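Consider the two complexes below, in which chain A is the common component and chain B and chain C are the respective partners.
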Partner chain A sequence: MVRRFPPSALFGGGAVLLVILTFMLLPLAVVIMSSFTASQFLVFPPQGFSLRWYGEVVASTAYLEAAWVSLVLATAVTIASVAIGTTAAIAIQRRKLPFAAAFSGLFLSPLVLPTLIFGIGLLIVFSVYGDGPSLAAIWVGHVVITVPYVVRTVMAVLADADPFVEEAARTMGAGRLARLWFVVLPQARSGIIAGGFFAFNVSFDEAVIALFLRAPGVETLPMRIYGQLEFSPSPEVAAVSTLMIVMTVIVIVLIERFLGLARVSG
Partner chain B sequence: MRANPGNAADRIEPVVLVTPGLALIIGAFFFPVGQILILSLVPPEEGLSIWANFARFFEDDYYLRVAWRTLKLSVIITVATALIGFPLAYVTARSPRWLAFLLLLLTVLPLMTSVVVRTFGWMIVLGRGGPVTQLLMALGLGARDAALLHTETGIVVAMVQVLLPFMTITTLGVIASINPFLEESARTMGAGFYRTMRHVVLPLSIPGLVSGSLLVFALSISSFVTPNLVGGVRLPVLAGAIYQQATSVLDWNFAAAQSVLLLGAVLALLVPYLALMRRAQHG
Partner chain C sequence: MGFLDLKNLTKRFGDFTALDDVTLEIERGTFVALLGPSGCGKTTLLRIIAGLERPTAGRVVIEGEDITRKAPEARRLAMMFQSYALLPHMTVLENVRFPLRMAGGDSVARQRERAREALALVKLDPLADRLPRALSGGQQQRVALARAIVSEPRVLLLDEPLSNLDARLREDMQIELQQLHERFGLTTVFVTHDQEEALSLADRVVLMRQGRIERDAGAEAIYDDPGTPFAADFLGAANLLPVTPEADGAGVTLADGQRLGIEGAPALPQGRDLELVLRQEDVGILEAGADPGEGRETLAAEVVASIFLGARVRYVVKVADTELRVLGPRQPVFKPGTRVALAFDPAAIRWASER
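Moving on to the complex of A and B:
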């Protein structure tokens, strides 16, 4: 009987793994630690323990306004993205749409093109054909880059769902809309919810498109953080960033609960 | 088969369902990207050639240096993510369920955290007086004010962390589909663990490593948030230069020409990437 992994590979592998994981989590850990510092400036290691910077954030209108803008934007993006992505996924996966493979490639394409190139294209279009950048322009950009997530999760769930349930409903006399509403949508439910959380998270965190479509008086949370980092990083930024990390963790837990991480990333 | 009175409606329904999405992708994605192509060919002054914007790029030492730095750093970043991503993906694929889940979670958490937040973390880690400086001082390798912030090394370190999840997830998909019995047979036939890795697992993982590398390289040459904040104003990369041209200088034609060059490079990488992914899915 051969040993599956020799001790050198087990120990070496374990050590390498530990280093890699430290490397991956280090920047997040440092931000979280820095947010609890009692000192006036960012120093490492943080001095003392205090919640003063969270207090500053909650008292700062600039941060609260940016957080509100991001929240409204991400909600509006999620609604549009779920509606558009779900119908497209149903058409591709469940209905006999011709060229289904080509269509699914088309809908996933914003995922592979770097957002920088898309961002400048949107800036040009809104400036040449519209009134220039605005929050609505950022909304359009975010819907485009989040639709692929919804299409992918809904298609994955529908691929596993039993198509004969719908056939049964049809035989029993259910009409077209009734079948979509009472059979297909409930079957796609977990994919719709997971895709929605993805869309919300991507929009809430997105900085590149937002920076390109920067309009006077419009500032999302990532834009504000970017501006602060260019100008002067402070423990206050660390507190806001920690709150964003917490939000991401919550979204991941919800996605895992509704769909399973392995299925989404695989 | 019974005669189906809803036949025409059956054909119309998917078209109706797909129309909003199709309109969005064509109108708000392909149209803007197409506009870049058109604008890049509009010369800055009447009478100049349509290639004037491109000529300006290739005749200016500054932009050539920026492009060279971008390419050089992206190659280093890609190689580093492949070297780190492969063992991580292998261990994740061959771990017991609980460990595999934990590793996947720790890959996805940074991926889904805003890039500005992660970059901020690296600014603290690499900055003056940060943990890296303290480590170097403790080892007697650096002075008190030594820092990796505003250096090319700093950009590489931060970018590798930002892009590693893409490499891991792409490679993981391929390694997970390798039949573990292949490794087992190699071992029973007398090959050692490392020999099996080299002659069985690595060759079979090549499609994953190649497509992961293409994706990481494409993302790397077009990133600007992390290089701008970690590298600072004295180490501009191509994407940062485009951002400046588009939002501060407002020279859209030149910015568009630079974007077209970037887009060309990205497409040259993404086409083989997509072909590989398709083969991995169907093969």
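Moving on to the complex of A and C:
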């Protein structure tokens, strides 16, 4: 028989859930609704309804350029991050690497270290030993902070995969490269895709490192939004943000449709 | 020298000795079972043959060639895993083709043809284009079997080949394995913890215990005469009774002082902890004091429990504080607590001792 909770507990639990959902979803709802405002300023509740600000965004060279920079950056970050993170995860999980635990900790450390401190450190390093702030420097910073996502997801997927498949491939004559290609990478596939998705999103969304390492004339989308909010908070910002949300949702739907989100995240 | 020679193999994992100086010669075409409880070293031995584990000491020699240090991918052996280990993203046909693809000898068309032939042997050719996850467990295992034999390996290794299957599929698989073995004469080594599986499939049963070979004999021989108490117990269906031999060798004494004449029984073995082995099918149950018949010996016993099996009744009886299992007819029925006599021909006695 199902144990019944007392009504007071049900009520309390429901209230907590409601608060959590409110704080998770309300900010998004506010942004989305504000983007349709007809007024000149970013206000809530929105006044009237208009798609004007979407038109402004699409017509704005600054936004389009910033979006393009962010897209190129996030793509380059994802490629590097997936390559490094997958390799590291396979080495740690499958190849009986010496000091595997230490390596695992090292690769996951950017998740817990403060990005702000890392950004300052990276700025100093690039200023002393390199050409100072640049898009390439942001790229390096983003790769460092996104690698842990790939390492984590790939390691999790490999931990669940049957290790005997690789041994079976060995007995069938598959050498190291053949095993990597025919066994390990297919086993890691869903982790690679999930990790790559996280890496892309984190990079596309990242403002702290980008602000520290911004070179004159280089602007990513988050930097553009941040700058605009600081100086003239127009509803354009809300429209851009809504577009970003929509884009993320589309990617999630695509992953869900072709891979199954449960498989990817689990 | 055998076809596959395992010489003085020892494997230690830290302080644990999984294999302790195991030597085994396997002739070409034999079907060998490595039997034993978990942790006895049988799987380690199989993995050492496959090359997936390096022995701490000893050598693996096949057809006169020492392959101890050879990588598994270069050994030209095949192994079927307990979990089947199919490549989940490849179709059944591609799975079966995989070993040929790795070997790279034939053209792709020829590889496909051979893979289809192997699938036909296990009657799965209609499912060639499915993915493994669309198949039942029994079908997946037959794919694994087809994949193992497709490249005509020198030795076929099977890890618990029947353990994941239900009773009916086990029988199918058993027949499948026997037929394949008869047809191709593949030298096969398989690991199992199930004595029935070992006895029904293998020509030769190697019983292992704590990293050593306890007993190595033909399937019927090992069942008939287990030789050691451990073997008798592990092979099942045997009644074991600790006894002490008399000085003149004419009889043995039980723990409760009963004497048993052993004229006509096999010679007493060397070794400690002598036990008398009696199969339940060789023992009759009689009223206490009844005439056992010409040349038969009796032991006094007490009925502990009776289990009605239909045509017969199984009795659990106690002799000198040891419980034995015997079969009796439907009539008469002996109630628990009844004094009875166990009667048998001394020629049916087998001895077991620690060597």
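Please note the rule applied: the second predicted complex is superposed on the first by the 245 of 266 C-alpha atoms of A that agree within 3 Å, B and C clash if a C-alpha of one lies under 4 Å from a C-alpha of the other, contacts with A are read in each partner's own complex, and residues count from 1 in each chain.
Quick note on the criterion: a residue touches a chain if its C-beta (ideal position, glycine included) is under 8 Å from a C-beta of that chain, and two chains touch if they have at least 3 such contacts.
These numbers were taken from a predicted model, which means no experiment stands behind them.
**Q** Quick one: is A:97 in contact with chain B, with chain C, with both, or with neither? Answer first, second, both or neither.
**A** The first partner, chain B, only.
**Q** Look at A:7 in the shared chain and tell me whether it touches chain B only, chain C only, both, or neither; answer first, second, both or neither.
**A** Neither chain B nor chain C is touched by A:7.
**Q** Between chain B and chain C, whom does A:182 touch in the aligned arrangement: first, second, both, or neither?
**A** second
**Q** Touching A:171 in the superposition: chain B (first), chain C (second), both, neither?
**A** It touches chain C, and chain B stays clear.
**Q** Determine, under the contact definition given at the top, whether A:217 touches first (chain B), second (chain C), both, or neither.
**A** neither
**Q** A:87 contacts which: chain B (first), chain C (second), both, neither?
**A** The first partner, chain B, only.
**Q** First (chain B), second (chain C), both or neither: which does A:48 touch?
**A** A:48: touches no partner chain.
**Q** Chain B or chain C: which reaches more residues on chain A?
**A** B
**Q** Going by the contact definition given at the top, which residues of chain A touch chain B in one complex and chain C in the other?
**A** Shared contact residues on chain A (touching chain B in one complex, chain C in the other): none at all.
**Q** Tell me, which parts of chain C touch chain A in their complex?
**A** Its residues touching chain A are 50-52, 71-79, 81-83, 85-90, 98-99, 102-103, 147, 151, 157.
**Q** So in the complex, which bits of chain B are touching chain A?
**A** Listed in rising order, the residues are 6, 9-11, 13-15, 17-18, 20-22, 24-25, 28-29, 31-36, 39, 84, 87-88, 91, 100-101, 103-110, 112-125, 127, 129-131, 134, 158, 161, 164, 169, 172-173, 176, 187-188, 192-194, 215, 218-219, 222-225, 228-229, 239, 242-243, 246-247, 252, 255-256, 259, 262-263, 266, 270, 273-274.
**Q** Applying the document's contact rule, which stretches of chain A touch chain C when the two form their complex?
**A** For chain A paired with chain C, touching residues are 162, 164-165, 167-175, 178, 182-183, 186, 189.
**Q** Can you tell me which positions in chain A touch chain B when the two form their complex?
**A** 2, 4-6, 9, 13, 16-17, 20-21, 23-31, 34, 42-44, 83-85, 87-88, 90-92, 95-97, 103, 105-107, 109-110, 112-114, 116-118, 120-125, 127-128, 140-141, 143-144, 147, 151, 176, 201, 204-208, 211-212, 214, 222, 225-226, 229-230, 233, 237-238, 241, 244-245, 248-249, 251-252, 261-262, 265-266
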